[in-house]
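Have a look at the structure below, then the notes.
Which chain is which? They are A, B, C, D, E and F, in the order written, and residues in each are numbered from 1.
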């Protein structure tokens, strides 16, 4: 039983660690802000889930204790990560950050930027 | 580890002090915050470093010194109160005096000073 | 669509349930004392917090909601694998894009869940929901709103829009009956 | 266990809280009266405590029933009780003055004032070095808040300097505490004094570094050159009752110097004995001189009074460095005298400024004050007292200072500078007085009149000078007794840590 | 075996943190930096949890939870600041 | 009769004129005169015993530890001076009744005059030298008040200030001298000191003491070179000049010379200092007097000259000279007081004191003229008048001394020269004023004064004549007893006869008279010579000097204190470097030998991140938002370090404070510039870098030194007693709420006060709302992003749950009220951020300052509760209870205390952040106290 758990712990930790690392690699490697955002938002969250699961299993290894409160961190991250990302991308739009050249839907980007700032008057119909 | 810890404390102190010597309120606030970190680490270190000995009874048999930890807690809270006050004071000073220089007025440029002394 | 709670003493039952569970999670115990406290807090806290909550549609189809959650979890895992590959793969080959999706949902809670789901799943991040309604007069009709998303690697815009609308938006409409 | 020891801390605390809560907070009148009554009560308690301690000798109060050196203790000895009485006396004057209308020029005047009293009294009573830090912070934060009372550019400007310097000082204080704790392993002052005697040679210099850092902190509070810069602008810009209360703030630094450098580093401290003296002596003298120069240089009266505070601090610090009973007795007596009279002067400066129209307290020709006889008389009395001229208490203080220096190294430096600065002060005050009251431009007179509470406040503080003179005999005896008690470090250790095996 | 895994993961997280710091320093835009900081917060949760595993002590959990909270709140606050200047309006 | 009353009556008399302020002028004068008259009567009643050589002594304890006892000591010398002070004082009161005009405040004048009289009596009657000094300074003060009586005249103010400065400075020297004297003699009682002359004069400090003592005497007695204040003090009303500056105050210095004659005189040093000063003064005064056009000016300089004469006499170290000195004191007082009063009459009745305009007054006021002529003759030393007698004795004494060896003849020669001048100026006084043609340009027609205004002059002039004719009969006893007091009983043989036969002194007198007349006749050349000399306006010079002093003081002060915080900080840190660095240099080895913990890669990474981010903060401190992000990393790393080194509570607290700080700084940055302009000069940056590095090196070294040293601490007690004595297993928390709960009480008080202070700071602040960010970008449009709003609402219950959890576990596990409070507060602040102030206010309208007060009150009361059980404040209580179904639960007072902490923290944090946030809304903190 414990042996299985140990394997599970190792697996989840490695999985988590890898995703965390990949998320951060994405942060460094990606060409523009918008693409950089994806790594941390998703991979890191999943990576955290992995590590937290590892922790849950680890602390549940000893008899009569069941350590599940790491769930709370997972829930919290799941709730907040999209909001952080949302706020960040809104800021990026507001700051008119350049998207990498071959980004499709440049018009949508422009429209989004216009709406973020004061110029995006709401009387101006968004769909042309 | 002690050497590294001391190095960090010293470096944080130096950075904090340098910022506190700047002429605007905001860098001073930042410097003060940095200095507080250094001071807190210093107080903490006065109880000597301990890797496994969180001071909760029954979790270890070699506890860290709890007293400096309690002192740091007090210092953190007081430091927070003081920083908050200073920050707001900085706002007030900017509002009242029209600039954010710590002296409430811009220092005269150097050449002007020289002229005056002539 | 219901906006007003069924019981005034238990305005947000699912939230209460969540809190009940969380208290037990936090204390890692099923002792009677903790169950008692969990109950008290699960009722007390939502009751206090109810005033700090804008009226939202209530979950009408809990079963569906559970399914939705599981689906999103599954999507997160698959999506992450894809994103990981993209991140580690050649950067030059990425086809990033901005896409806007017309929204049928109107209320904040479902919209938020939709945007969050989109952010957590296949290579997309919700950028904005516009136009914002905070500048609308109370009696003004709601305009068509859009969800702007950024896609890390887009294949086919129409397909993406369709997937999102069917996979996430539609179930949400169903769950909240709005 | 005498609960009375704690009352000087708890009473202002409770008062502050009650003033902030219903039903007191509703009306200014209720806030005022509660504040004044509580302060009067504080004075009574302080005096009773002093009398009790005079009978019983040094007594301590173990908070939470945790005995020293483990718990925090409050130590009531003659020195701390004298300071408590002084603070309460001063505060009653300042609060009465503030209650004449100044208190309504901003929010939370009375609660903050009471908090400040709590901090000051705590600093006087505590027998624990870290607790001293906490109370320092209480009184500092309250002083920051009080300093900006009633607003204005000058206040803001001065407060920025005051706050930043003191925050740096607090950081140094913490570092010093950490060093002392890290070497001595205790925080109780008496226990530290004990531990210093058993200090391994290897730790000697570390303790010295910690002690000298404390010196910086206290020197900053006491405003000793070159750490005095915050003082003139701060005191000169503060609202009158606040400035009056601030008159005791520098004395807290002096008090702390006295506590730490006579108890912890007292005669039992071996190689560390009196380690601050060689610093305090020259810088104290320089402070005195600078203050006197400042009195001459001041362009407005409040700044002049602020510089008078510097002069008094300088004299006190030098005497702290002399380290004998007479010197410490002189420090105590002179502290009481100079604090109260400077407090009175700050209040008076405000009264004069109000009646001089636009010129305020600037030393230029201005319209004539509305009540020249009243204010002039008060001014002359205050000036006589503060300049150390007979017959008010100042001259006794001065004589005590001079006598205490007998036999000290560099006695004649002290004498020369003390007398020279007295002369400069005399010149400065006569110039200020003749400008304020006699250099009249225009026939216009102000409408403002001194209000009864304001007059009471000034007379109250001034009366102290008279009482200090009339009862100088018993009061100097009290000072000497207090100084003897202060110097008796072994006795102190014995009464606080009876298990330590130290015999006086 | 578990010990080696934990150290390996420690290495990964440390590397991740260094990468975050690199992005934080590098920028170039403010949102980039904020993103890097946000990621750093989350990665340090992992670090703390790992410490907990290493020490076999559950006392680290609350710290991790709090980091999650401050990561979120400070990101939101900074973004709001960049968007509106006035974060409480 | 109690001799104390001689002093006490005039002291009480100070109040009489004030009490009679509403009465008529005459009543006021009579009332005022009553006290000194009575005192005079008491004094006279002691005549018998004093003349018989008795010393009346009374003593009361005052400040025994300082050696200051109130002692009244009435001997011959004191008697003489008391007599002069009281008798002339009474005459002055009478005179002033007529002299003062309707506009002058008579009560004030009389009150000051009586104060002065008290002070003078105090000096002469004191039997304790500190007491002498007390009254000595009182004379300076009261004379300041009297000289500046006509404060609206600038020369009165200046003259008063000058007098105060000079005499005040002298007073300080005197104090030093007295303290030395007392220390040498071992007592401050006059009687003891006077007996120890030998001891004092042999003491190594005698020269210093003597110089200080003489500085005191000479400044007061207007001896050269301190003489210049006296003529400028003539801005005072004439009664004052007559009293203070001729008869009494200036004699105080002389009195001290006489008083301490037995203790201090007889040495070469004494002779050189005293007699030469006296001689110089005598000459300078006499010479300058001749050229004064102002009537009072002439009299003032003549006073200086006569004071020099008396000083010279005391300096000769001869008993007979001392007798002569005492005698001249009496004579000078009578004729000079009458002269001043007469001059005052002339001024009063003719409106001028300028001798170039006052001419031929004989025709208008013959009686006054006669009186003045007699007095002037006495001053000139004309036979049959009192001045002649003492001058004869003076000449005789100058001839007797051989102190300058072969040059001893110089003294009598110069004395004669001075006498020549003295005759000349007396002649000028009479001739220029009463004869010499007609008055020029007077505003009034002069006439005789009122009857009683002249009476004092008449009395004194009669005395001049009577003493001149029958000296022994009139003043023999007085002089005898006074002189024997001065000489400590060794009175020499002397005779007060008018005629001593033809001798050298008589010749000198004759030469003086003849020479004086001649000089006056030939005055034209002398005046031309004098006017060719550059004029010296001492008042202006002094005033300029004072201005210069003030200005240099100002310059020096501003040079030291230039108002720059950066300098103050640099000095503070330099002090730190020196004081903390010196012991480090003196240390043998920094390390203490304790084994170090090995470094691992993770910690090294953490440290590297800490160092890099700290460095980055400094480098980018001008880009404020970036700096904030960087310092957040530092904070994060510090928290992780706390976690790593077994301090979870610290990590939690640091983290929760961190959030609030970041929000706070973001809030604040809105109102501050977003960029710091580059301003510091490179040299300053280098200086600051050096200073910062030094501080860093010192602090780092100190921490290293501490960490590597073994150590014992009181902490073991806490670990051992946390559970049994404090009822908790989290020792840190038990320390906070129990062992050192008082610190925590203070700490939350600090937080609460800070919040109040911040509220105070934010009230009435001029609101300014930047319309764009640092780059000039206008703000985004959406105020409350939808996602954020919704999520914040969902987080609130979670956060509350977590904070309750953290709150309750704190006593046993990491956590506690402070952290819980911050979590709650942050959750609420998140609502403010995501929904705005209006939204929150509509749902929760609490005034946070009251929350702070309630929280503090809870903590306070928890502590107080232990009083109910007879325990010290904050004594904790806990117990375990068995409940059915629930099992064992613990109840502890610490929980209540922690609840206080929790509530305070929530209230304070919200008060701080919400007040700041509300700045841009209509709910911004208002000025009125909103409790």
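List of remarks:
Following the convention adopted for this analysis, contacts are C-beta pairs under 8 Å (C-beta built on N, C-alpha and C of every residue); 3 or more make two chains touch, one makes a residue touch a chain.
Chains and their UniProt names: A = Monovalent cation/H+ antiporter subunit G; B = Putative monovalent cation/H+ antiporter subunit C; C = Putative monovalent cation/H+ antiporter subunit E; D = Putative monovalent cation/H+ antiporter subunit D; E = Monovalent cation/H+ antiporter subunit F; F = Putative monovalent cation/H+ antiporter subunit A.
Fair warning: this is a prediction, and the values are worked out from it, not measured in the lab.
Counted as hops between touching chains, the shortest connection from subunit A to subunit E is 1. The set of chains touching subunit C and also touching subunit F is given as A.
Chain pairs B-D and A-F differ in how many C-beta pairs they share in contact, with the greater number at B-D. Computed centre separation for the pair subunit A/subunit D is 58 angstrom, with centres defined by C-alpha atoms. Separating the CA-averaged centres of subunit A and subunit C is a span of 15 Å. Here the CA centre of subunit C is 62 Å from the CA centre of subunit D.
Among all residues of subunit F, those that touch two or more other chains are 563, 565, 569, 573, 628, 644, 648, 669, 699, 702-703, 706-707, 711, 713-715, 718, 739-740, 743, 747, 750, 753-754, 757, 761, 779-783, 785, 787-788, 791, 794, 798, 802, 813-814, 916.
Contact with two or more other chains is made by residues 20, 25, 42, 45-48, 52, 54, 56, 67, 74, 78, 81-82, 85, 89-90, 92, 96, 102-103 of subunit B.
Along subunit C, residues 22, 26, 115-116, 126, 132, 135 each make contact with two or more other chains.
Contact annotation for chain pairs lists A-C, A-E, A-F, B-D, B-E, B-F, C-F, D-F, E-F, with touch applied as defined.
Residue ranges of subunit E in contact with subunit F, taken from their complex: 10-11, 14, 17-18, 21, 24-25, 27, 30, 33-34, 37, 40-41, 44, 47-48, 51, 59-60, 62-63, 65-67, 69-70, 73-74, 76-78, 80-89.
Those residues of subunit A lying in contact with subunit C across their complex are 18-19, 22-23, 25-26, 29-32, 34-35, 37-39, 41-43, 45-46, 65-69, 71-72, 75, 78-79, 81-83, 85-86, 89-90, 93, 99-100, 102-106, 108-109, 111-112, 115-116, 120, 122, 126-127.
Those residues of subunit A that touch subunit F in the shared complex are 72, 76, 79-80, 82-83, 86-87, 90, 94-95, 115-118, 120. Interface residues of subunit F, counted against subunit A in their complex, comprise 777-782, 785, 787-788, 791, 794-795, 798, 802.
Residues 6, 9-10, 13-14, 16-18, 20-21, 23-25, 27-28, 33, 36-37, 40, 44-45, 47-48, 51-52, 54-55, 58-59, 67, 69-70, 72-73, 76-77, 80-81, 83-84, 87-92, 94-95, 97, 116 of subunit A touch subunit E in their complex.
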